[in-house]
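Quick one: the structure is below, questions incoming.
Think of it as A, B, C, D and E in the order they're written, each chain with its own count starting at 1.
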């Protein structure tokens, strides 16, 4: 074995390399619904399937799954252990300094988990701020808590749950009036508890903190300097979107029209953090 | 890539030292297990009954020739499935302990084999029961003989603690990785962790050498 | 006294004549070897050997190197097993038990019981280096005979006094000379109140002076107790002083058996003569 | 022939008289030790020793253990260096080189060149266990002398025939008896076509019978070649048969030097007499 | 298990074998270089050998691996992952092997060197023709243990996402959720590989012993099940 200089070029060569090699090593963290291994041993999930489709269109049609902890995806990519991060990773300005993102292929807005019929009529965080009696549930350590306080929800209106399931139980038991999370997560939580008597608030919303939209938009990551492949990837992604082919690919994983987005990586990378 | 960040490099030390403490805890706990279990292994393997010594040999050789990492995974994921759940640190100590018990048993074994056969015969001539022969004649002579080698395996076990990163024990490598995912700088904390591991291991072997020399003197007296 | 049964000439004795070797002063058959054979690999060490030793008798085993003397003692001590034949001690067989009237291989418990009457002193002392002198002597009385610690220590001190080491009770074996260690080993053996004491060249690892001390101690023991003693030694003067009967071994057989005066002064077998000459030349 | 220069009495010889020890049959100074001293730690092993050996001479070194005989041979073989003094072999100094007219410590290359004329057979044979017999004998001729493989093997077979091992060429050393190994070692040494052959107690690790075979081979060598031989041995008959001169060492000095008949039959020094007596008593 | 999952395991097996074999070969190079350096007459080489062995014996292979994989790129060197794995394992095992080499060479009797000198071999010929052929035979049993240690250490590469046997098993586990079965099977697989390596090394050991004309030591099964004389 010899030294692999894959990061040394100006970016034009990764795609050529992948085409030569005939496969692409896709870093993922085994998280549903984004990327996981199915019982046949195939890598699948929303990000995996979108990634595979685009790579096929780019002329690479063999996929090597590279399972990693979520926190090791970026160092693993930079160490050359994978060619692409294909894990539905949120595009954030901090991450943009480490890796190059493609445009997002989904944007998960927020919603509330509320009792059926949404008795308090909560649809945005502003509704929570407006009514001091509303108790809002969030997951411990999640971004939702800072989003809520950023929008102006007083901390005495917030209760913290250790995980999704206890948040769901909390709303059902009336310990919180609403539970704030991304639509994707809430849908998958509800899917496992169909008889809970809870529903998602409609429509989903994107909160704004200090004038900055709090998107939950995810894309694919490449090493810095590999702009060429990102460009090629983006253009194939745009084609998928414009031809309406994206939604059919991701629908089996619980994605809906709500998660489709036209945001760009550039916008998301430049968004100041709340 | 960005230049070397000395702040992250030095600032990682306090957190890494916490990790070092955890690594040392796992080592001490694991080694206690290895010492006890290893003795059991050694005795089983020496048994005069083939139906004991042969299976014992197979199990010991098996554990000794398979990766610690996989054994740790096995304990970490499988024990809870069958309803046994320990804290991660205890699971780690069990993994280290069982693995090293196979090495330790060999150390005991050569220590025991080093006791002159005349000692066995004298015990027999005094009609000492088997248990008493072991506890008051053979082991008191075999264990001191085994000390230096036993000390070496403590160090070896310590050097294996980074493997515990795979089962989320918060030892130094885990800490280094956590610092890395916060700062996106991996090189600095990993390098510092490596230095700390090396220094600790070298200090340990230095101590072991002193111990050995001390011990040698005691034996000579 | 009846060495006259021994065949003349130096051809090995037949089984029949070997049985006849049981002569001397013995009054009974306290220890009885019957048709004992033992081989190591291809090397036949004992060949259908039979002899017996009376209660309280002192027997010396002599013979050239490799003739099987040590093997006899080690077998009696149950350190090795015979390939065939029986050994009886008192009313019990050593390696066999009577079950339903016939002899079956003995259980470990049975062997331990019979072994309880026998003990042995080795050429290399084999003291326990991890125990002080006193504990070397008390360990077995306490844990085998079940004596109290006080009682065991009192007796141990008596015995250590007897072997002239009353003042070294708290030394470690490594701090003693070879002769002192061997005397401790004798005290350790006597502390077991054995009926039978086996001694295998207990002085041959010692300088002549130290050996003399040890032999003196053993002379005292022989005089002041009625222990049955089987003793392998090259110390002919000691053998003459102490033993009732001398068994001359050659190639795993007893070729001559007689009281010491007889065997040393008028050996019947030419082989015995030659052996005695060579031993005397050495010393 | 001129042993008459040797001082009477057993006081150690002075330097002057030591130089006088160079007597016997030698015609020239093929090998010359001059004022050689060697100590190991505080132990002075050779003390200002001077002597010489003529071309084709056969010299036997005798003397009590520790008197420095082996040290002489090992020094000549360049296995150890003298502390002071010079050794000359033919026209070259062994550990010195002439540079600008004066003597300077020799380079490794110079030592190798001079060493090329000398070889040695050891007490413990020291065959290479990783090579079969034939290769033991051919390895150095091929890689040191630069002989072709065929040539080296032909010569090796001749020599192995001579030492009576023509049929064991493909055995490993471990498959040979000690005597056979020593004979291979002799063949290996001779294969180097040495001018000087050193032999250090080449038979003393062997049983008498095997030793005799080896000595016979050496007798043949001595008869059929004109190699200069230095030989340490306790085989006095061999020394008498083969050597031209015997050097008697004591405490790192030569105390007597004379042809064997003279030294064995009428030793002048009382020390030599005593030494010869003790050697003869042993064998 | 589906064919797709088996595929991961088989590919992983190949990588594990590659890591072990290449790691062993490169490790041998390090072992001889460092072991002989420590015996050198040149102080500088001795110091270098000492530094290498002490450092890598004091250092976990995993740390070295992390360093090669995650830190080296910061200095502008990116190693091919498999090569990084081989290198890390080889550096580690080579440090242990160096001690084996050193011990075996030192155990060659001085008299063999003297005999070689008496035949006027050059120092290098002495080493190559006399010392090493004998020393290597003595090294094999210890190397055999080192090889098993190397095989075991190779599993560590899965932590840095090289697709070895253990990594393949992680994928299978992620897919099937059958943790006990997957890791249990994995342990057995390593046990079998180790057994095969042991048998091969044993064969080598016998061959090597024969190259000194020695009688062949008893077979490997006999050695595993050798019964120590029961004394109690």
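Things to note:
The rule is simple: a residue touches a chain if its C-beta (ideal position, glycine included) is under 8 Å from a C-beta of that chain, and two chains touch if they have at least 3 such contacts.
Note that the structure is a prediction, hence the values are computed from the model and not measured.
Touch-path distance (fewest steps) from chain B to chain D is 2.
Among the remaining chains, those touching chain A and also chain E are B.
Here A-B and B-C were compared by C-beta pairs in contact; the pair with more is B-C.
One inter-chain figure worth recording: chain A and chain C are separated by 89 Å, centre to centre, where each centre is the mean of the chain's CA atoms. Separation between the centroids of chain D and chain E, computed from CA atoms only, is 47 Å. With centres defined as mean CA coordinates, chain E is found 21 Å away from chain B. Shared interface positions of chain B, defined as residues touching 2 or more other chains, are 180, 186. Residues of chain E in contact with two or more other chains: 70, 73.
For chain C, the set of residues touching two or more other chains is empty. Pairs of chains that satisfy the touch definition comprise A-B, A-E, B-C, B-E, D-E. By the touch criterion given at the top, residues 1-8, 27, 30, 36-42, 64-68, 72, 75-76, 78-82 of chain A touch chain E in their complex.
Contact residues on chain B toward chain E in their complex (touch as defined above): 1, 4, 45-48, 50, 53-54, 57-58, 61-62, 64-71, 73-74, 77-78, 81-82, 109, 113, 117, 120, 130, 133-134, 138, 159-163, 165-166, 173, 176, 180, 186-187, 190-191, 193-194, 197-198, 201-202, 205. Per the touch definition, chain A reaches chain B in the complex via residues 71-72, 74-75, 94, 97-98. On chain B, the positions that touch chain A within their shared complex are 177-178, 180-181, 184, 186.
Contacts from chain B toward chain C in the complex involve residues 116, 118-119, 121-122, 124-129, 132, 136-137, 140-141.
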